[in-house]
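My structure is below; once you've seen it, I'll send some questions.
Every chain is named by a letter (A, B, C and D) in the order it is written, and numbering of its residues begins at 1.
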């Protein structure tokens, strides 16, 4: 995948962050979405280690040793930032105050199941806050490369790995396409520039609906 | 009862407040115990509306409109006072951080049962924080007149009124005596000046053990 | 990045409250009671309300205005001893009153605000408080299952607020306010003082604006907020 | 009335922790981790500990010292991905690891601190998280019963403390510290700065000293507390 396609995926996900939202950006690709959010947009970034109103990342020489985000990056406060304990932080999550949670994934299924915390026998560092973030945000978006390093699909009919949350993903952003997960199954919404449907079908491990009208490109 | 006997009862209860304790003084007689606590004693007074380190009561002209205790009295802060919300306040109570809770009572039974919040058909304003204060303090003391206005005993074999807490009272202070509630039943510990055992037995609705040695007077 | 602005008018904020709504009211006695929001609720007059508040205030203030105006069907509270109107209306069956031990009331509200369904406690075991609550066995002990207490609206009184809804409370006026702000579908705050974003230090914010929907600035502070002369 | 003085020495405070004890450690990554208390725990060397901490820190710091010194039998945590030693010892069966979703870990600890037995939540329903947890039906929904998580000791890092144990925390160093302080039988605090009683305004206290048993002043702040240069 070209870095260009990745940038367009990040930019596309950023476009769904609307004014007024409270948003949690997961570790990895979701965090990178931030670079594509319009600077003046009124939005509150939440970090599960106890921050609402996360500000820009700072270089180590300017960092406050006591102010990191959940991914360990040294971040800053902005006017209106608030700090709180971990119970309050997850009260925000579980009570539905996150308008949007963007998460990475190992696998996403056509029914909205998400697997992103454990690969039995290979990778089991613990789930951190992923379970709550995936289950309780009002909208859950997954942002990931369309296929794994070996070219295998990560969008599947059913997840094969232990689940993070069952049926809570609303939208998937990849370097190839944007899908919505609907009562009717996987729905293709947009397709990346330079990707065609045949290619997309081959790289996707679940059937999906294609709209009759022209597909927007991103 | 002479006001003298009441003062001695209050003073006797105050003597059980030891250095280092966190104490909740219930509305009514328990609050009056405060006047008999040595001014310099290191002790933390808790008020269930969200104060640890309650300071002296203030006259209305010096009062802070936002600073009352659970009984509605305008109180003050002292060096080291902290304010918190009602959930934290009862976390202190339920997690056993109150070394002592002093409560008023309608009835106390020889088995430690307490009734102090409801007289069916006559008085049912709600229990406020009485249930938790009676059930969860490490030690629970009841302070009350020995008999009701008609002269009927308030210390009974079994409570007749709806219970506040079952079996949690440790000590009873009245204008006539001090009792401990033990596995063995009601145990007379001290007797008021000018009260004799015959009088005390007549005014008490439950049998009690009398020690062999001389009874301390208060 | 800038934080959303949630300032609104008291009329519009309260107009969302319709007949039959459940409404949490902050406050323990006078401190922290949102008298101006309650006064506007009386002016707009929705009826058949379920009111959730620690106490019923006293005659001639706060909850009493709603009671006297016939807007309350049900009251969930810990103590109403200072309000003879509430006692009378309860005894006459005009309003239904559910008494909840104060710390359990706080925790049921917080449980809703923390997005949980209920909790298990031994408070009230073996007393009339136990009635109607399922018993749960845990680790060889017995507890009672208490349910989360939610509401459609929470009316909150803060000392200071910024436009995003970050709040700080004064002294014992904190009490149920931050808990209720977390537990309602819509939370409306009246603030004695609006301050610019950033004027409340991030460490000094008592409740994050993420829980707040509308912030109303009080332009006057009626006498009811003052020290009661007894 | 004056408030009790709880200042003590680090040696004496930590000496109460014996073999087999359960110990909560504050902190999320570096911020809020009580490194000096942990260092003293390593020096005194009690073994067979159950350690409860959000994460296992990183190689060469905090929890890692205890692991490398063979003092840990069991770790209750949400994520250990940054500590290869912890991963290796778990995989080799040298330590037992219980993973708990971060918000559930926080809430189980708070539930203990609030003197309750457990809570009901739908977090993890239909996933492997559900295993071993009783299902509870409430209001037509299904939840899982989560148990309160207590400990014998909590080791806490605060920015400022007074002699009574009133605490304030810096920025994201708050995290699990106030919750754990509430949930242990004995809570020991290390404070970067001791301030006189009253220097922390009553409204600015993050955790009341009623939850604290011993306050230790840090006379130096080792480099491990600093910004990590990657």
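As a working rule, contacts are C-beta pairs under 8 Å (C-beta built on N, C-alpha and C of every residue); 3 or more make two chains touch, one makes a residue touch a chain.
Keep in mind that what you see is a predicted model, and the values were worked out from it rather than measured.
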Item to check | Centroid comparison with chain D (C-alpha atoms), farthest chain | outcome: B
Item to check | Computed distance of Cα centres, chain D from chain B, in Å | outcome: 35
Checklist entry - So, what's the distance in Å between the C-alpha centres of chain D and chain C? => result 32
Item to check | Whole-Å separation of chain centres (CA-atom averages), chain B against chain C | outcome: 29
Item to check | For chain A paired with chain B, centre-to-centre distance based on mean C-alpha positions, whole Å | outcome: 56
Checklist outcome for this item: Where chain B touches two or more other chains at once, the residues are 77, 83-84, 87, 90, 93-94, 136
Next on the checklist: Residues of chain C that contact two or more other chains, please.
Outcome noted: 107, 114-116, 121-122, 169-171, 202-203
Checklist entry - For the protein chains shown, what form does their contact graph take: line, ring, star, complete or other? => result other
Item to check | Chain-to-chain touches, reported pairwise for every pair that qualifies | outcome: A-C, A-D, B-C, B-D, C-D
Checklist outcome for this item: Interface with chain D, chain C side, in the complex: residues 107, 111, 114-122, 136, 138-139, 141, 143, 145, 147, 168-171, 202-204, 206
Checklist entry - Inside the complex, what are the residues of chain C that reach chain B? => result 28-32, 54, 77-82, 87, 97, 99, 101-107, 109-110, 121-129, 159, 169-179, 225-230
Checklist entry - Residues of chain D touching chain B in their complex? => result 1-5, 112-116, 162-164, 166, 182-183, 196-198, 200, 202-203, 205, 208-211
Checklist outcome for this item: Touching chain D in the complex, chain A uses residues 47-51, 60, 63-70, 72, 74, 77, 83-87, 89-90, 93-94, 118, 124-132, 135-136, 162-166
Checklist entry - chain D touches which residues of chain B in the complex? => result 19-22, 37, 39-46, 52-56, 77-84, 87-88, 90-97, 136
